[in-house]
């Protein structure tokens, strides 16, 4: 007993040494702290501190057991048994058991809950409890590495009345997780403070994380240099230079697996013609669009360069005004003094992008200048989130669209490029790509899936439904007072329990 | 009408602003053209009188074009508001009694909603556009405008020359129109128009500065020019909108003040 | 007790124009001095100069006002001085020595407080308000005690002004045309009150147009014309038109034409 | 004039006070109807504007009776609001009732508005007293100084203060002030800055200064002040007493501008009051919350005007006589 007391005393003493909190800024504080309804990145990051999944990424981005301890996959790869870690406590002191895992899966599947994360358990056919800390999962189709799909966060069964959880359930203001940090207080200045959870099964050093809401991104960088913040999740390109020069701040890459593109709306007659799309693609000089907003890697297809699916044989297309002009004349356009005209109509295109994507405005403005010089008139329209949904998702009322896609670790582009994909608003349809995507989705063997995806990359680059631009080097800035900083490319705080403050 | 020094200054500044707005409309100013990243953040020089901003765009042309963001919607707001307020004020002033009390109670209801609150609600529900902002400003400012007209007419109601006009059998509304509104209320209407115009300028620049509503990049507004040029270390593109805004508001205040003194001579 | 209030050599200017020249006047306790003259002759200006209440620009440019009292040395003010110095110098004269009833008595009362409170405040100590109101000419003081100034008629306001003066127990009292716009009966009561004041030992300076009333009440008459004192005579001289200056005589002719005879 | 005139004033005054309170209630009802009509008459699909519109579509369509004609929607919404049910926040604090979400911030903002009005009145009065005898130049200077809009004054103030303080801190001349940049706890000095800027910006100071100066000039020439001066009394308390009515009138006039100014200030200075909450609710189309806050603002303005009328009637007996 006395040894245990000494240990807690030591911990308490060391806690004092690390009293300084780590304050990080988000554009908007999350409205709901409940992993069943996580929609925004700020919510995903916060959930990473408070909740845990059965598995999680290690620093080589491979799944390692977290709440799970061990697992056996059945011969026919249609089911698996999971043994849970012992001695894990919820933040309210209740023990973590298999019931919680079952409850989470059923809650996510329950239609009345209408959880935004339902897709993450669609592949599980059934889950049955074997003992307090053991459960069996059966799958809809054979799985090769199910642990990669078991990262979703587990919520406590005893905190809810039934699996039909409502969005506005009181849980959102007093969340209970098993993670290293407990939500201590929703302060009235929209900040949320998370204290270190003494009963955490693993180790954690930083005493408190505080999420500060600072709506104006320009001001966030200023606050970091003013020592009002310790960490800036995403640094705006314009502030990179100043923060890089600041000795008291360290920049860490934080890519979030996202890439930028300009999509052609193939509902429009002229954009259905491959020559016109090819000509337009050749007019765009991606590197000079990238220069004013930061640095990054140019792409030739729908994957980040570091992704296993990226086909390095497909070269990045270089701007070639002469060939573009030739293609346009081939398509029947005549070049007049100020524009390209075909049967009386000048080639004018409307490009839409989202208003709250600040760097997008600089890109669109530069793009318009580039195309204007080559005789193609481009009218930019900056849409509010509501108008974006209306015009882009539903009506397809645009010619070009500039946006970015962010993917989690599975990089599943089925929804974007399959003709039946729910996010294929550029109206791209190509049988070969459809069949490849279907095969890749069923392909269980990772090697086969990689080969299929690389073929998809080649095909898409050929059909040119989009101009694939770049992955923007985006950085997070953390004060040098925080050490052992390791940042997950998508979820940011996955290894926050290893951070220390001196 | 002898204009004081302040009023002359006001008139000149206002004329420049309106001319700039009209020029930018006629010349079809394209907010996006002239982007030249290599010419970014140049200081004022002969080629660029006010220098260039962080995207290399000419500050002076954007400053002039930004006048369009408040001159035309401002005029729309003033006419809309005047069309509502003058008849209401005249009716209340001339009829008196229960009509006056009812009209003024109605005005009191609208007056309890601050203009910015109405503007934000309208832009949020109806969508963020100049016309919605002008409509919100017109509705929110209408009580002040109407009260000013009412006060002016109520004081003149007993004035002898009106009693005499009635004696000559002039029809009621001709009296109210020719004598009251045109002759006596001219300066009041001018003054309220100027005050509303300056109120609209403040509303537009504030919303554009704070973002989310008002004029969005790349369209120029003195408000969003301040936001986007702040902290980029280049003084000229930031000082230009600040000084322009200060001068224009001062000009409008002095003109409106002048219009009030005008009335005291009548 | 104070003995005499003397002003000598007063000169008042507005810009370059002289509006009062060589203004000299002396008030003694118990004596009523009538100050007569056409309107705009500077009567009110002379009275205000005695209290230093001239805020014109440049205002009082020359002259001297002295208050002689039995117990302590005379306090004098000699023009020209700064506004602040003048205010300080006249403070004792205003506070203790001179009561003042301006032309429009109703406007001179504080619209926000009742008659009782205003009279009480002037007395600076407890006083029998009803008695004062009776001495000022009110038959039923109770009716008027709780009234506000805007609820009083012209005559009532004048008499409340007098009651305030009585309450202050000042040595001198200046009444600036106290009976204008009043019907003869009420005017008579106001004149009666003035005489009562004088009999109580107060030195009264009475500015009036009512030449007929002067005879019964005033001990001395001063005639003012265009800023100059043109005549100093007794009430009898005025009545019997024995005036030395032609300005005085033209004043009498004008009044006779209007009032149908001075003595009527 | 019999004695009755004075004593009968009491019941008549009570009657008139009651009339004013009824008027106040009608004003708020009118404001609510106007706001609701404007919101429900919005063109386009309202629910689609919501970031999480699709998820809430079934609930909202039922709750807002979107299929029914406009006037029916407005009446239903109005009757619910009349019983104090202002609905539930959709985006900012999903699930929490509007009353619950806005009560604490409203309290904070109300105190800031009151403080800023008091400061601007005091400031305007002292400036007017100081400059009333001088020539118009002083008035002109105040006019120039108080022209810039609130957002500009606040922007320059907060960035200037932060930059200045940071330079001093770098040179180790001062330790880190409590109000600096984004203080962890609410710093009173930061709210004072907001109150000071609100009292200064958007012509507030010059309008107050002008109004008080005209009132002072009128008073200085009033003969009862002259008479008091002739009695050697100190005229300052009397003048102050007679300034209450014009200041009350000015407050009634300026309160709406101060409420609007505060919304901007809370946004620029990152203060957590009803203003920034209203801004966020409007930006994120959380209409029940935005409507609730707008209604609260209208109620505040109308209540202040009612109070100012009350002060004016109490201060000036002549007002009690006037009917209506």
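Going in written order, the chains are labelled A, B, C and D, and every chain counts its residues from 1.
What we mean here is this: contacts are C-beta pairs under 8 Å (C-beta built on N, C-alpha and C of every residue); 3 or more make two chains touch, one makes a residue touch a chain.
Quick caveat: nothing in here was measured; it's all calculated off a predicted structure.
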Chain of greatest Cα-centre distance to chain B: C
Maximum inter-chain contact count - chain pair: B-D
Most centrally placed chain - per-chain CA mean versus overall CA mean: D
Distance from the mean Cα position of chain C to that of chain A, given in whole angstrom: 92
Centroid spacing, where centroids are CA-atom means, of chain A and chain D in whole angstrom: 43
Where chain B and chain C are represented by their mean Cα positions, the distance between them in whole Å: 56
Distance between the centres, which are taken as Cα means, of chain D and chain B, whole angstrom: 22
Contacts with 2+ other chains: residues of chain D: 49, 267, 285
Interface hub residues of chain A, defined as touching at least two other chains: 222, 384
Interface hub residues of chain B, defined as touching at least two other chains: 230
Set of all touching chain pairs, with the criterion as stated earlier: A-B, A-D, B-D, C-D
Touching residues (chain side chain D, partner chain C) in the complex: 1-3, 5-6, 222-224, 226-233, 238, 241-242, 315-318, 321
Of all residues in chain B, those that touch chain D in their complex: 6, 101, 105-106, 108-118, 120-127, 202, 205-206, 209-210, 212-213, 223, 226, 230, 242, 245-246, 249-250, 253-254, 257
Contact set on chain C toward chain D in their complex: 51, 53, 90-96, 98-100, 102, 104, 107-112, 122, 142-143, 146-148, 150-153, 168
Chain D-facing residues of chain A, complex: 23, 31-32, 39, 114, 166-169, 172, 188-190, 210, 212, 214-215, 219, 222-223, 226-229, 384-386, 389-390
Interfacial residue positions of chain B with respect to chain A in the complex: 32-33, 35-37, 40, 54-55, 128, 211, 216-218, 227, 230-232
